[in-house]
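In the two complexes below, chain A is the common chain; its partner is chain B in one and chain C in the other.
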Partner chain A sequence: MDKNRIGINQLALLYLLSIAGGKFLTLPSILAKDVGHDSWLVLLFSFLWDAICLVFLLFAVRLNQEKQLDISAILDRTVTKVVSKIVMAIFFAIFIIRANILLSSCYKMFAVTFDVSTNWIVYVIPIVVISFFAVKLGFNSIARTTQLLFGIIFICVFVLVFSPISQVEFTSLLPVGEAGWGKILATSFTRSFWFSDYLFIYFVFDSIKVNKNRVFAPVIVAFVIGAVLTVLMNAMFVALYGDLAQDFDLAMTKIGVYFVSNSSNGRWDWLTLSIWLMSVIIKIIVFIYCAYKSLEKIFGFNKDKFNWYAGVFIVALLMLPMFISADVVLSTVVMWGLVPFVLVQYLLPIALPFLTKLALRKEVANG
Partner chain B sequence: MDDIKRTAIVIAALAVLLLISSSFVGSNIMNRAIIIGVGVDKLEDGVRLTAEIVSPGNGSEQVGTYSKIVSANGRSVGQAIQKIAELTGKEASLGRCLLIILGQDFYENTDFADTIDYFINSDSFKESSAICCCEGSAEELMNKGPAVAQSVSLALTTLLQDQAKKVAIVTNTLLDYTLSQKNMLKTGFLNKVKFLPSQNTDSNKPDQEQGFFTINDLTVFRDNNFDCDLTPDESIGLALFNDKVLGDTFSSDASGKLLTVNVNSKKIDKKIKDGEVTITIKLFVKLARTDSADVEGVFVSQDKKEIPKETINDITEQARQLSQAVIDRQISQNFDLIKIHDLYRQKQGSNKELENKPMEEFNVNLKVEVIEK
Partner chain C sequence: MKENLLEKLQKVFYGDEDLRVRQVQCGISLNVVCLDTMCDDKKVSAFVFQPLVYISDAKSVKDVQNKLSAGTVAKNPPNFYSMVEDLTNGYTLIFDESGGCVSVDTRTTVGRAVAEPPTSMVLRGPREGFVEDVKVNITLLRKRLKTANFKTINLAVGKYTNTAVSLCYLDTIADKSIVDNIAQQIENISVDGVLDSSYLARYLDSNKTVLFRRVGVTEKPDVAVAKMLEGRVAIIVDGSPMVLTLPYLFVEDMQSPGDYYENSTMTAFSRILRFISVLASVLLPALYVCLQVYNYQIIPLQFLITVMNASEAIPFSPLFEMMLVLVIFDILREANLRMPSAVGISLSLVGAIVLGDAAVKAGLLGAPAVMIGALSGIGLFTLPDNTLVLSLMRLIITFIGGTMGLLGVTLSIIAILLYLASLQNNKTPFLAPFAPNIPQDRQDAIGQKPVPQMTERPKSIPNKNNKRRG
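After this line comes the complex of A and B, so read on.
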């Protein structure tokens, strides 16, 4: 059995957790700094671009059902091997930066919320070990873990998002579009790095199991639920905190803390937050998995054997937050790499059905 | 060879586990001073911070004692909290703090923006904590004993966060107050806590002064500086503008009989039309009885009508006068507690001109309706 095999429903659940996993931490304050109370509109537009790309990507998945070519095979056959390797290098950069930013946010959240202090190396190593173990076991292990934990994680997400809703004055979000529609759209572009959670699908492109051609429905439903929850949570955050939203780095911690107003309730936000954090950890594991697979595709490692050089390289890169803060990375590296990142985040999925069709045609022609 | 490999993996895994577990340093709860309320007073050169501390695990001496009050001086609140940690020998933990009290000398003679920033910008501090100011010193207030509770902080928090909403008193959380000092005219209010002594019935603390706390007086602040005190009528009037605060009570003998009615729910509608702000306050009332004074909300079944028309008219006039008093004071003192500026901001966005627009330039039309439900 293919150890990377993933069912379309598993993929949908993982995608849903990925959407909700990372955007409840530092992103809301960054967007509040950019466009104030209109930050929920930035999310709305970003999800709109994501939705368009996702449809194209899923269409490519459907086309690929019979032959099950992997992403590098498609790129190798259509846009040359050199371009294929460049694309994989961009993917690698995206996944490593995203993993580092999420790790930094989680690190701060642990320290602030749970009052646990540790050093970065000891904090990162267990997560990396699990990620490499997932590489060894195959993507199916991540998918099964997601399936197992999905219910409880999602209950916690609902509790965290909906608990303070009665105390939120949504009129604070008026007037809609005050920051200016041009600025909102521009921010949606400059902050695009935080979106396109479907990127991991590229790395299981040849292993997706589809029942009766049902590719679109489960994934689109998962996407819509994830997008609605994220927009709602962001709207609540800026409505609740107003001008202060930009000063609070960890949105979910703040919302959790806000609601536990009375002593008799205790700090039950600790319970929901710690369970929700599992989705962030799963997302980090997916990023590390994909980063490893990008290296595998660039250098052509043996797929059946874990490559320790690649492992050590990834670990070394995950130590960077000890020397560079996430803020600096976001304002420099991510801004410099915006155009290439946008190419693989948005252009590649739109082009993928055509590339897949072309690659399949060549496959048939070559026998 | 396989056995050696397996053993090596197990030993390596144990070593990693040991390293990891010993590196996650949690704080022992026994070594923490859990602060549930803080009071801030002014000193010549800094602040005096008084903290109510719940410190678990003090052994049998703690039986019957809920909390202890500790005070310390510092140039800033942060420094004074550090001093408390020194005094108690425990790490001061503010993640469970429910209440901030500002002493009179402190709030009347200090720009306390830095103190507010210190609390609100801390990630683990609950910005939903209650905040108030007090008559006299916060330290003295925190050393008094509540007559029907064991802890000053818990008694005041319950009053400010729960009970106030049922007895028509407006209150603020730290977040609401902080936002009020940043938006538009930068004006907001805090409840002024006063102590009413009663007979001490606690044999465990025979020397402690015991009594009740009142929170119905309001003090207005502008950009974290003292501005003015509201009169009792203005404080009651302000509650009428808040639909989350219920329990307003009116008495009238207009029908020839002295009747008392309670407000069970409210509907506040604010509109801007032709450059005029129209505020409509709809009060849904019920005749007060010993068994029917509950706050019931909007979704209630219709009951028989018992209140005479004359009483309704009289109460309408009383409510109109009380709410008009707030509007008049807002104009004379130029503060905005009923958020007229915010209403305009929602419509046209924020700009410097609106932010600084004086209250007298707004044309406010007030309508009050009293409906028996």
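After this line comes the complex of A and C, so read on.
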């Protein structure tokens, strides 16, 4: 059996966990800083772009279900090998930066909320080791682990998001669009780096098991649930904290403040938070997996054996937050890379059905 | 060549005083050869010598074979190797002067009687258990499967032990490719000897799993038959009362033989209890330590005060204290296993009551830590086949939890799940029906549907016929 094979339901669950995994940490405060209480609208627009791209991407998956070409094979045959490698390099940059930012957010969460301050190396190495273990075992084991943990994680997300709902005054989100629609739209572009959680699908493009053309429904449902939850959570966060929202950079830990915070009952919300954290770690594992696969496609090394040079290179890059803070990375590297990132985040999925069709036609022509 | 076979046999067995050779006249001169300790004297007399007394006109060993109708098996071994194999298995060989040979089944049936297996006692349900004799074990299966579809493949493994191994399956249910694959795996085993089925289990695990058992083991024929009815293959090894079953799922560990003879609601309740107790056993010590060391805010205030009062005078750190409790528990368990049952009870009393109580009173261990350790230890026994593995896991997770806090526990859980999710044997994912999710198979996983409603065989076990009554 192909160790990277993934079922469409597994893909949907993993996608849903990816959406909920990373956007509940520092993003809400960043958006609150940018556009105040209209931050939920930025999320809404960003998810709208994501929805369009996702439909195109799924259409490409459906086209590819018979021949099962991988993403670099499609790009090699349609836009030349050089462009294909450049695209893979952009992917590598995106995944490494995303992994770094998520790792930094988690690190901060442990230091601030759980009061566990460790050395960055001691903190990162176990996560990276598990990620490399996942690379060795194959994507299938990540998908199955997600399937096992999904229920408990999602119960915790629901508990965390909905427990303070009675305290929220949604009227404080009015007037809608106060920051100006132009600014909201511009922010959804400048903060696009946080979105397009479907990017990992490119790296399992040739391993998706599709049953009777059932490609769209499970993934779209997962996307809708994830998007609604994220927008709702963000709206609640800014409604609860108002102007202070931009100062609380770990939204998920703050949203539970109105939960069972009575000291005689214990902070049980922290336990649910720890369980939710599993989705963040799974997301980091997926990012590191995709970063490794990008290198594999750029340098073409043996798929069956773990390449230690690539591993060491990834570890070295994940040590960067020791020298550069996540805020600096977001304000410089991500801003410089915005255009190439948008190309693979939004343009590539829209072009992918056409590229897939073209590659398949060439495949048939070449026999 | 043929004339020398008897001499060759005597040469091979030179120095073995167990070998008996007796010459008999019945028209021609015949040599009767057997291994004294492997044959049943009564059978040799009744199936070989008594018929030979009445034969006076035999011209060759073929004539003798036709008249040896009292025995169940009288065959011509095709080569010298088969003759040696038959002889060592307790067959009696009859040679004529021209070198012809007949082998008659006179195997002794020395062995213990069928009894209730000590490792799988049930309140309700059959009490028969497998014994060491492969023939008796196949009989126990056949008694329950009175169908021509019951098939066996007989193999021999071990250079010196030449142990008989039988693969039993139902040919209208089991996937033939899996049966062939298992037979091939067994044929490829190159080993000096097989003394128990657990030797084979190590060879049949394609992933060479370090921690978890990948082959099912049962001592009860009713369980083996139930598994064969789901498309699995039962592997019986001569000399072992433990029958192996393949393919094997993790969820089978949660099932107990008695589950199928109880009300399905009660069974579901018991299984949920087992599941919770396993989770608690493995995670509770780790959570206790990391909450006490790093995140005591999570613990309710009253409970926290109790814990703090009980542990303030303890000279060890919470991690060391808990590790000590767990290691002491493991030592007691190990000692208890090795002791005769009468001494074992005293040992349990000394260990659990005297040692535990004394340690708490002496202020070396805190009462909450002893209680958590004991609770966790008892929980492990709900999965008796995996006690050791789970015990090792809880030690490791406790250590990681104590050094890295909740992040360590979270990472440990993810790492274990990633590993388990990657395991696959004979086209069967180890964690099915949960990962991958196979709703149809959940009818007999943590919950259990009443037997009349279980109309389909598990999808996760490849089979030819999915309908249970089809």
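In this text, the second predicted complex is superposed on the first by the 362 of 367 C-alpha atoms of A that agree within 3 Å, B and C clash if a C-alpha of one lies under 4 Å from a C-alpha of the other, contacts with A are read in each partner's own complex, and residues count from 1 in each chain.
Note that in this section a contact is a pair of C-beta atoms (placed from the backbone, for glycine too) under 8 Å apart; a residue touches a chain by one contact, two chains touch by 3 or more.
These figures come from a predicted structure and were not determined experimentally.
Colleague: Looking at the overlay, what does A:D249 touch: chain B (first), chain C (second), both, or neither?
Modeller: After superposition on chain A, A:D249 lies in contact with chain B alone.
Colleague: Tell me the contact category for A:R144 with respect to chain B and chain C: first, second, both or neither.
Modeller: The answer is second: A:R144 touches chain C but not chain B.
Colleague: Touching A:T118, do we find chain B (first), chain C (second), both, or neither?
Modeller: both
Colleague: Mind working out whether A:G7 is in touch with chain B, chain C, both or neither, as first, second, both or neither?
Modeller: second
Colleague: Which partner does A:A73 reach: the first (chain B), the second (chain C), both, or neither?
Modeller: In the superposition, A:A73 touches no partner, neither chain B nor chain C.
Colleague: By the touch definition at the top of the document, which applies to A:S274: first (chain B), second (chain C), both, or neither?
Modeller: Second partner only, chain C.
Colleague: Given the touch rule stated above, what does A:L317 touch, chain B (first), chain C (second), both, or neither?
Modeller: neither
Colleague: Contacts for A:L232 in the overlay, against chain B (first) and chain C (second): which applies, first, second, both or neither?
Modeller: After superposition on chain A, A:L232 lies in contact with neither partner.
Colleague: Report for A:L185: first if it touches chain B alone, second if chain C alone, otherwise both or neither.
Modeller: After superposing on A, A:L185 lies clear of both chain B and chain C.
Colleague: Of all the chain A residues, which ones make contact with chain B and with chain C?
Modeller: 114-116, 118, 126, 263, 267
Colleague: Please name which positions on chain A make contact with chain B in the complex.
Modeller: Residues in contact with chain B: 108, 112-119, 122, 125-126, 129, 171-172, 174-175, 178, 240-244, 247-250, 253-254, 257-263, 267.
Colleague: In the complex formed with chain C, which residues of chain A make contact?
Modeller: 1, 3, 7, 9-10, 106, 110, 114-116, 118, 123, 126-127, 130, 133-134, 137-138, 140-142, 144-145, 147-149, 263-268, 270-271, 274-275, 277-278, 281-282, 285
Colleague: Residues of chain C touching chain A in their complex?
Modeller: 294-295, 297-304, 404-411, 413-415, 417-419, 421-422, 424, 427, 429, 431, 434-437
Colleague: Can you list the residues on chain B that touch chain A in the complex?
Modeller: Its residues touching chain A are 16, 19-20, 23-27, 36, 93, 95-96, 98, 120-121, 123-129, 154, 157, 161-162, 173, 175, 178-179, 182-183, 345-350.
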